[in-house]
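There are two complexes below, and they share chain A, which is joined by chain B in the first and by chain C in the second.
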Partner chain A sequence: MKINQKKTSWLFAILFFIVIIVGIWDASALIYGLQRGSLYALIALPLAMVLGIMDILNLAHGELLTVGLYASYVLFINFSIDPLISTLPVFIFLVILGGIIYFLTIKKVLGEGHLPQLLLTFGISIMLIELIKIYWTTRPRNVYRAYASSSITIGNFRIGSYEFLYVFLAFAVFLLLKLFLKKTRLGQAVYAVGQNPRGAEIVGINVDLVYLFIFCLSSGILGLTAGVMLPRVSIFPLTGNPFSLISFALVAMAGMGSINGILLAGITLGIAEAVIQAIPGYGGWSDLVFFGVLIAVIMAKNIQEA
Partner chain B sequence: MKKLSVVGIIFLLVVITLSLSFQIRADEDPIKIGAVNPLGDITGRQSTNAMELAVKELNEAGGLLGRPVELIVIDSELRPEKGASAIERLATSDEVDFFVGGMASSVHLAQIPTLKRYEKITVWIGAASHAIEEAVGPDEDWYFHLHPWDYQQGASYAYGWKDIEEKHPEVQIDSLFLAYEEGAFGTDSYESYQEYFESAQEGEGPYADLMEDFSGVSFVSAAHGGGDYRAMLRQAMNYDPDLFIWAGYDADAVPMLSQVREIGFSPPIYAGSPPGWPEDFGDSPLAENVVFFGMWAKSLNEVSPVAQHFWDEYIAMHDDEPVTYFAPLGYTNIHFLAKGVENAGTLEKEAVIESLREIEYDSPVGTTLKISPSRIISNQGFSEQKIIQWQDGVQEIIWPFDVATSEIIYPYEW
Partner chain C sequence: MKKIIFYLFFVIMAATLPYYAGGYLLHVSTTILIFMSLSLSWDMMLRTGQLSFGNAGFFGLGAYASLISVSNLDIHPVLSLFFAAVFAAGVALVVGFAVLRLRKIYFAITTLALALVFEVIVMNLSDLTGGSSGRVLPQAIFGGNSVLIYWLILFITIIVILISELLNKSKTHYAINSIRNDEITARSSGINVFKYLVFVFVFTSAIQGIIGGVYTQQYAFVMPESTFSLDFLLLPIAMALVGGIYTTMGPILGAIFLGLISEYLKLIMPYGHLFIYGLIIVIVILFLPEGIYKVARKKYRNRKSQEVKLDASSEGK
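Right after this comes the complex of A and B.
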C-alpha cells in the first residue's frame, strides 16, 4: 500500500450529483451530511496515513480518539479549560502517547505482516478500553457548552452552526497536510517512504523517523478532533470504537493512501446517511445505505480500473 | 454379655454425639443467597452494594432462622452465556439456597432454562422484557419477578398522565411522538406504544382518551455509534406532539438535548426513559424540566423513612451515593426474601413461596411491595413506575401523588 494521488474524478462526479439532488430536496440533510461527513473524513485521515505509509492496520484507532476525548474532558473538569482551547494540549498529549505506543509496540511488528499487527493493535485497543473503564467506569460523561447548540436562522431555515467547525477543520487539516507533503523536505521523505521504503532507506532517508513522525502526527490529529467533538458527544469507554469501522470503510472507498479521496468519501457517505435519516420511516436504513454506497463505489472503481 | 452392653452403649453415645454435632453444624451453616449482577455496570455494582448492606443488616440482627446469611455474587459481565453459567455455578459449586439479581433482559433470558432445571426460589429485580415472562411460563411458582414488566410500565405512565391532566387542567396530552433507538430496547418500546395506540383508537386500554394520535421515528443511539438526532428531531418538530418521549440510553441524553436547542424544538413535555443518566446530568442546564420514568429518586427521602434509612446506611457503608434505582431494588431484593424466610420459619420451599406471597414489604422505592399475578406468571412484584422531573438539578417525583415531592413544571421550556 502506497501513498498516492489517485484519480478521484469519479468520486467528484458522484458527490456533485448527490449534492445537487439533495440540495433541491432537503437543504438541511445536505448540510448535516456535509458536517458529519467532514467529521468522518477527519477521523479516517490518520488511519489512512498509518495504513498508506506505514502499512499498519491499526485497530486501536478509535480508542486513541476516545483517549483524546477523555483527556479533553479531564482538562475541562479539573482545570476548566474549554474543550476548544484544550485541542492544543490534547494534540500534544496524543502525539506523545502515539510516540510511546510506536516505540513500545508498533515498531516491533513493522513489516511482520497484517496478522501480528491486527492482534497487537486489537490488544492495545482492549487495554485502553479497560483502563478507561477502571478510571471512569462505563457511565457516560458530557461537557455542555452553550455554543455547541448554537444555530443560524435564514428566513424560516434554522441550521446548527457548531458542526461547521468539523467542515472547517477537515478542510484545514487536509490542506495543511497536502502543503506539508509537497513543500517540505520531511513531507517529501514521507512520500518517498510511502512509495518505496527500501528505496528511501538506500538514498539515506531515516525511515524509522518517518514512521515515528507519521504515527505521532496521526495520533495528534485524533487529539485535535477530540477537543472539537467533545461538546457535541457523550464520552464512554466505547465512544471511539464505531469510528474505527467508519474509518476503515472510508479508506476502502477512497483507495489506500488517497488523501483527496478520504475527504470526498467522507462527505459522500455523510450525505448519503443524512438523506436516509431525513426520510420519514427510513432512518433505520442509514447503515444499510452507508455500506451499500461503500460497496457500490468500490465495485464501480474496480470496473473502471479493469 | 456385659461387655456387649457397654460396647452398645458407647456406640449409641457416639452416634448421638455425632448426629448432634452435625445438627449444630447445620444450624451454624450460613443460608446462602446467590446473586448474578453485571459488576462492570453502575446498575449491577450499586445493586450489589445494596445487597451487601441488606445482608449486613440481617446478620447484625442475628441472621435468619438463627443462621448467618452469606451473599455470593458472580459478575454476569452483561453477557448472556456468562449469566447462565453463573447460575449453574451457584447451584452446583456454591450450593446456594436462593437466586437473586438482575438486570438485562438478554442475560436473564439465557438464565431461564438453567433456573428451570434447579427450580430454586428465585427473586429477580431486573429484566423488564415480557419475553422473560413468556419464557418462564405460568407454572413456575418458585419464580418471583419484582421489576414491572415493560407493558406494565407503559400502562402506568398512561395512568400517571391521566391523573396529572385531571389535577392540572393546563396539561393537555392528545398526541405522542416516540423517538426510539434502533436496538431491541427501543424497538420493543415502539411496538408497545403502537399496540397501546391501536387499542386507544378503539377506545380501549390505558391510553384511551390520551393518545388520539401517535407517531415514532428511530435513531441510532450514541451507545452504538450514532449521535446525530437532528433529522429525527426535525420530524418530531414537524409532527408537533403534546408529549415527546425518547427511548434510548444515557449516552443519548445530553447530545439529544443539545440538538433540541439547536433546531429550536420545544414540545410541551419532553420525556425520556433511559436506564440511567450521565455523570453530573443534574448539574447541566440541559436537565431542567426534563421528565422521565423511573422507580426511585433521592427526593423520596423526604416522604419515605425507609428510603431515608436506606440512603443513610448505603452511604455509611459504601461512602458513595446511590444513583440508580437498582440500588434500592437490590436492597429490597434481599430484605423481601429474608422476610419470606423469616415468616415461613423454615427453608422448606413451599412454605417460603407461600410466605413470600403474603408479604407486604415497605420498600425504599417508596412503594409497598406485594405479590400479585401478571399476564403469565403468578408472582409479580411492582407493577408501576413513577413520573419524575428534573427541577433545579433534583429529581422530583411528580406522580404517584401519594409520594410526590413536587408539582409538574409545564410546559417544558429552555
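Right after this comes the complex of A and C.
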C-alpha cells in the first residue's frame, strides 16, 4: 500500500472549495456532512486495506458491518449491554468471523484473478444477508439510547451532538493505523506485502499471516464502527449493503492505496450528500451522489491515463 | 443430423408442455425459462471477460418501460416488449460508453451500482412510476392466459438460446474469446475491443429488458423493491455458474436444475431461501469452477476414450 501525498492534493482543493461555498450558504449541512463523511471514511478504510494489500475487492464488506450491527443489537436486547460498551466484544467477534471467512474461502482464491474473487465475495454477501433474514426477518429494528439523540443548538439550527463521536473515532482510527504501519514490525511487513507480495515472501515475511491479519483487522474495525453506529440507525438485513458501493467510490476517489485520501474523500462525499439533501424537494436524489462521484472520478482518471 | 433431431425433440416437448402438464408445472416452467434467458444473457457478457452485475438493473428498466408504455401510451402489450428492449438497449448504449472503458473490478462494481441507481431514479420519478408503491396494470398480457404467456416466453427463450449459440459459433466468437483471454493481444491483432464490448453489452441488456417486460406483463405490476430485487441478479449468476460458464448448455442445464430446486426450497423455507444460492455460488467457485456441464462432458469423453483404448488393446491381442 503506497501512501501517496500527491494524489490527495487535488481532493484537498475540491474539499476546500466546497467547504467555503457551503459554509456561506448553509453551515448545518457542513457539520452534518462532516459527521456523515467521517462515518463513510471509517467504513471505507477496511475495504481500502483489503483492496490495497490483498488486491481483493470484498463485496461482502457491507454485510460484515450488518453482522456487526446485529451482534451489537443482540447484546443489547438479551444482555442489555450498551452498544458503546459492546463495541469490544463485537470487535472480537468480527475478528474471529473475518478469520473464519478468510480461512474457508478468501485464502483459496488469492491471486486467482478478479472473476472468482468477486463472485465468491458476492456469494458470501448473499449468504450473510439471507442468514440474517432467516433469524431476524426483514423487520427494521432500533435501539433507543437517550444520549444518542442529544443535540446542541448553535445560532438558529440544531445538530446532533452524538455524531461527533464518528468524527472523533474516524480520526482516532486513522491515526492509530498510520502509527501502527510506521512504527511496528508487523506494520512494516504489511507495507512490504502491499508493495510486492513476492518480494516480501523472499525476504522472509509470512505473507499468509499478514493477509490473515489484514482481513481480521478490517473486519474488526467494522465491528467497532457498528457498535458506535447502532444507536443512530435502524437496522435491517440490507442496512450495510449500500456501504460496499459507497466505500468503493471513496477508494476510487482517494486513489488505490491512499489512506489519507479516504478520510478526505469521505468528508467530501458526506458534505456533497448533505448539500443535495438540503435542497427542498430533491432530497431523494442524494443517494445518487456517490455514483455520480464514482463515475466522474473514474472518467477523469481514465482521461489522464489516456 | 442426430443432434438436430435431438434438439427438435426437446423443442417439441417444450412447446407441447401445456397439453400434458398441469397448471403448476406450467408455471414453474415459465419461471425457469425466464431465468434461463437472464442467465444466458449474463453469460454472454461474461464471455467477453467482463463480469457484469447489471442484469437486475436492465431487467427492472425493461419492466418499467413495458408497463408505462402499455398504461400511458396504450400500446399493445406484445409491442411494449419491443419498447422495453429498445429502451433498455438505449440506456445500455449510453451507460456502456462510460462503463465499458473500465475493466475488472471497476466495471463490476459500477454495474453493481446500476440497479441501485435505476431504483433511486424510479423512486424519485413518482409521477411516472408510482414511486415506492409501484403501479398496477388493469390486466395481464393475453388476459392472463398462462398457456399463451408460456409460449411467448418459450419463443423468446429459444431465440436467446439461438443467439447464444450463434455467438459461440460465428466469427464474432473468436474476437470475444480473444478479448477475454488477452485484451492487449486482441487489440494488437486489430480487434476493435470497445466496439465488441458495446455491442455485446447493448444486446444482452436488450434481452434483459425484454425479459423484464414479459415478467411485468405476466404479473401486471411493478414495484421498485421487487422489480429491482436481488433475485434477478443472483439466480441467473448461480445458474450459469452451476451449469458452466462460457457455454450455451451450461446456463440451460443450470436453470433447469436450480429452477426445480428453487421451487422446492420456496416450499420448505419461505424466508431466506436465497441463502442456498449464495452457498451454491461459493461452493461452485471453490470446488467446481468449471460447472457441471463441462465436468460431465469431460467424464463422458474420458470414458469414451478409455473404451476406445480397451477396444484397441483387446484387438491387439
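In the analysis below, the second predicted complex is superposed on the first by the 280 of 306 C-alpha atoms of A that agree within 3 Å, B and C clash if a C-alpha of one lies under 4 Å from a C-alpha of the other, contacts with A are read in each partner's own complex, and residues count from 1 in each chain.
FYI, contacts are C-beta pairs under 8 Å (C-beta built on N, C-alpha and C of every residue); 3 or more make two chains touch, one makes a residue touch a chain.
Quick caveat: nothing in here was measured; it's all calculated off a predicted structure.
Because the two structures share chain A, they can be overlaid on it, and in that overlay chain B clashes with chain C. In the superposition on chain A, no contact is made by A:107 with either chain B or chain C.
In the superposed model, A:144 lies in contact with chain B only, and not with chain C.
By the touch criterion stated above, A:287 is placed in contact with chain B and with chain C alike.
Contacts of A:122 after superposition on the shared chain: chain C is touched, whereas chain B is not. Contacts of A:182 after superposition on the shared chain: neither chain B nor chain C is touched. Of the two partner chains placed by superposition, only chain B is touched by A:36; chain C is not.
Superposing on chain A, the segment of chain C with clashing C-alpha atoms against chain B, chosen from 60-68, 78-86, 132-140 or 168-176, turns out to be 132-140.
In the superposition on chain A, the residues of chain A contacted by chain B and by chain C overlap at 133, 137, 242, 245, 284, 287. By the touch criterion stated above, chain C contacts chain A in their complex at residues 51, 53, 98-99, 101-102, 104-106, 108-110, 112-113, 116-117, 120-121, 123-124, 230, 234, 237, 241, 269, 271-275, 277-282, 285-286, 289. Across the complex, chain C is touched by residues 57, 59, 105, 108-109, 114-116, 118-120, 122-131, 133-134, 137, 242, 245, 248, 252, 284-285, 287-288, 291, 294-295, 298-299, 302 of chain A. Looking at the complex, you find that chain A touches chain B at residues 28-29, 32, 36, 133, 137-142, 144, 146, 148-151, 158, 160, 162, 231-234, 236, 238-239, 241-243, 245-246, 274, 277-278, 280-281, 283-284, 286-287. Contact residues on chain B toward chain A in their complex (touch as defined above): 40-42, 182, 217-220, 222-225, 227-228, 230-232, 234-235, 249-255, 258-259, 261-264, 276, 278-281, 284-286.
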